Amino acid sequence: MSLEFTSSEMMSVTAARALNNDMTCFVGIGLPSEAANLARLTHAPDVTLIYESGTLQTKPEVLPLSIGDGELCESALTTVSVPEMFRYWLQGGKVSVGFLGTAQIDRYANINTTLIGDYREPKVRLPGGGGAPEIGTNAHEVFITVKHSKRTFVKDVDFITTVGFGRDGKARDNVPNIGRGPTVVITDLCILKPDPETKELVVTSLHPGVTREQVIEATGWEIRFADQVDTTPEPSAKELEVLRDLKARTNAHHAGQQ
Amino acid sequence: MSLEFTSSEMMSVTAARALNNDMTCFVGIGLPSEAANLARLTHAPDVTLIYESGTLQTKPEVLPLSIGDGELCESALTTVSVPEMFRYWLQGGKVSVGFLGTAQIDRYANINTTLIGDYREPKVRLPGGGGAPEIGTNAHEVFITVKHSKRTFVKDVDFITTVGFGRDGKARDNVPNIGRGPTVVITDLCILKPDPETKELVVTSLHPGVTREQVIEATGWEIRFADQVDTTPEPSAKELEVLRDLKARTNAHHAGQQ
Amino acid sequence: MAEFLSLKEAVSRHINDGDTVAMEGFTHLIPFAAGHEIIRQEKRDLTLIRMTPDLVYDQMIGAGCAKKLIFSWGGNPGVGSLHRLRDAVERGWPNQLEILEHSHAAMACAYEAGAAGLPLAVLRGYIGSDLPKVNDQIKFIECPFTGEKLAAVPSVRPDVSVIHAQRADRKGNVLVEGIIGIQKEAVLAAKRSIVTVEEVVDDLGASVNACVLPSWAITAIAEAPKGAKPSYALGYYDRDNAFYKEWDGIARDRDAFQAWLNENVFENGGA
Amino acid sequence: MAEFLSLKEAVSRHINDGDTVAMEGFTHLIPFAAGHEIIRQEKRDLTLIRMTPDLVYDQMIGAGCAKKLIFSWGGNPGVGSLHRLRDAVERGWPNQLEILEHSHAAMACAYEAGAAGLPLAVLRGYIGSDLPKVNDQIKFIECPFTGEKLAAVPSVRPDVSVIHAQRADRKGNVLVEGIIGIQKEAVLAAKRSIVTVEEVVDDLGASVNACVLPSWAITAIAEAPKGAKPSYALGYYDRDNAFYKEWDGIARDRDAFQAWLNENVFENGGA
């Protein structure tokens, strides 16, 4: 018997499953935070979550609205200064996975959170890089989770805030002390991974009920599919229950504040 | 009526008097530590003492044997890491006075705590620089206290561990972001200060009962005297009492440990 | 030694038109009361530095205090844009705002280097990013030992830094606790500093390695209870997440913003 | 995750002949028990790094474990020389010891840079000092923003770092408290790390910004009560200053030293 779930839930559950107990994950706010905490509350209770506010090994009860909610600090093993976080923990090579969201992503998994249009005359000004530029290069690998749409999945990002594999797929070649970069992109439609040779993102798994046409339609370049495209396993009842509880708790918490 | 006191006591009291309540003093172990704590226990109760072990604003009851005795930490306002101590507090310009001892000092107030003889074939190997090389240049000014002898006061130090004014008196000229360097040297015989022009150390004050000949005899170069040489004021009864108490407390404490 | 002043006096005496001002607090302990006092005193032409501008700079920019912003993430966390910031950058209202944009890592290192008295920070950063193309303050140096190319940015050395902290003792020593962000670095890097505190107490109650700023490293302290609201102060009050969401509506509209400013800042006298 | 091992097992498994080893603890929390285990296991050709070699390295050098020492202050604090260190440097007993000498500031920055994953540390240091003439690892770079000449030293990146701490919890998270020195940096800068602790407890009892090393940043933990003696562990026992003074007599004489070593290290089996 099949469960009912939304495409957002499918995305969060799939993103959560990318994490395991042995990982030390530098967590971006929003979708990555939801996925990372879902992982912690289901199959990966010992996954280590780090937020750039300096909270090491945190276990929030509700999802933080900001990267520095009190919840993160109170449930952390310890809280360090922001320079220490970026210098010792991220740049020092202690982060196995950087988990990022984005506003735009291109075929070489470059991500743009700076602006749409031209830098001096932006059509839309976005918040900017934050921690992402160095998470993208100093974490051992990067997971990205983002909703799939033509506006988001563009052939070339307007601005490389955080490098995936550069404009030509070769940006990491021969660069010393750089992480592997994006190894998986999880959307509400599918899972994409960089081609081992060209580094272009290819679809490796379609979520249940999603067609190739839907993915093609939602992607701003001629998206390629792997030779073998899997079907992503459905969320379990347990995963859905934990995710829904987490979101309900979070909404009640943030609305309930004066 | 004149009090009885030793030349060591005269030195410590005089060195202590160089400090005041407004100073933030980075304290070397040994004579500087004795003088700095005497100042704190007499005329300068609010002088801020910092030790390189990371103890900020410490108020030890007894003199520490090492730079990192527990006493220093337990009586400090807070204790920071050693990198923070050297980076934020010393290099960051928060230290008004570096208070140093030395094994050798020369006419340009260069100090040597590395070795006597040649570096590769030392006659006597000393402990080395420790914090002094950067205390000497990053503190706003430097006080030095050391016993006067021909072995210690040499024309040219064998090795410049910590620069005073260099081999020619000009080492600080046109160097950006450097402190004023040694402004006073206090010995058991006299007070010396660098000549404002040449930076050569000259005697500005003789301790009570000390003759010019004694100083000449104890100095390894042709020591100059200022146009006006003062007589250093004697220790007060109170200063002597506090100093003797402090030393007795310290000896009892360090001997009493198992 | 830090001088205890009213917030009004501290801002009036230590912040001048044209100054470079860093107001820090990483989500936690954001110095809103001080920001509002700066707005009330109509300070102008400030160069504002802050990793995450947040609502406090949105308000100050909308009120016309700033001519330049140096930052690394300019949003309303978890909500969306800072509309006053965007209006100033994109449409010059109420005045044109110049921006200089970094990554968090670079700004964190730049504050650290400022506190450490260095002219530059060195980091493994900006690799493959377009940010160095639009920020001429980002340079690259070569490691003399390994030949590795590393990023260099100028250290942050503000004229004035402003932070909010939990408490000061009566001598002016300050305890910052919880998410300490880069508050210590901001204060130590600055020529002058203003620290607002929830309360002044006899004893800080600080543990042995707590983040304590000694009185002699601070210029002025002003008591400002609830001075970080709508952000939060660990141990005192929670983040007002609802207001952060509400701000989106207020800030979208110039008139709504000005009405809010009049009611909540100008007519709400401050200390 | 850190693995709980006996001290014997931790040293045997993680320290190899020829390794570069940093044993830190700035006067406080010096890992003597680990040093003695290294002596018992007759490790050889170690490059030892430590800001203040102290008695622990005097003993290890005298026992023949070291071929090179990188340090910034090599004395018996408040007492005098390290005689075993001097005997090795000056007379090659029991073997020649090469030394590489820094200042504290440079070594502290080098550990900090090692923890930060950088190949070099930059500091305003060594101005006018002769140390750069005898240490070819000290170079100078020019700030690309100000032109200021600054010192650069290679970061410290040991094969193994060894520290002693007050306690670990059962998951292997470690609390260091009091004079924290550069223990955190030493562990984070190293490829592998051994932490000896006074005790293993259910709850670290750490305050919110305490110096805590997470289990996943440590290789091995060994319980070693009194493991820092004759140095001290804040909250557990005091520094044995009398022994520090006594050491001067023991270490002056090769025979007295060897007798001490036999009685107190070799015949005193360890864990």
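All chains are identified by letter, namely A, B, C and D, in their written order; residue positions are counted from 1 within each chain.
In the analysis below, a residue touches a chain if its C-beta (ideal position, glycine included) is under 8 Å from a C-beta of that chain, and two chains touch if they have at least 3 such contacts.
Keep in mind the model is a prediction, meaning the values are calculated, not measured.
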Hey, what chains does subunit A share as contacts with subunit C?
-> D
Using mean CA coordinates as chain centres, what's the subunit A-subunit D distance in Å?
-> 40
Using mean C-alpha positions as chain centres, tell me how far subunit B is from subunit D in Å, no decimals.
-> 28
Return the residues of subunit A touching two or more other chains; collapse runs of consecutive numbers into ranges.
-> 73-74, 79-80, 87, 91, 138, 177
Identify all positions of subunit D at which a residue touches two or more other chains, and write them in rising order.
-> 112, 117-118, 123-124, 146, 148, 178, 180, 184-185, 208-211, 234
Would you mind giving me the full set of chain pairs in touch?
-> A-C, A-D, B-C, B-D, C-D
In the complex, go through subunit D and note every residue touching subunit A.
-> 112, 115-118, 173, 184-185, 188-189, 206, 208-212, 214, 216-217
Within the complex, subunit C is touched by subunit B residues 24, 48, 56-57, 73-74, 77-80, 87-88, 91-94, 138, 177
Which subunit C residues qualify as touching subunit D in the complex?
-> 117-120, 122-124, 137, 139, 141, 143-146, 148, 150, 152, 154, 177-178, 180, 207-211, 234
Touching subunit C in the complex: which residues of subunit A?
-> 29-30, 52-55, 64-70, 72-74, 79-83, 85-87, 90-91, 110, 114, 119, 122, 125-134, 137-138, 159-163, 166, 171-172, 175-178, 254-255, 257-258
Subunit D residues within the subunit B interface of the complex | 26-28, 51-52, 71-75, 77-79, 81-82, 86, 89-90, 101-106, 108-109, 111-112, 123-131, 134, 146, 148, 178-182, 184-185, 211, 232, 234, 238-242, 244-245
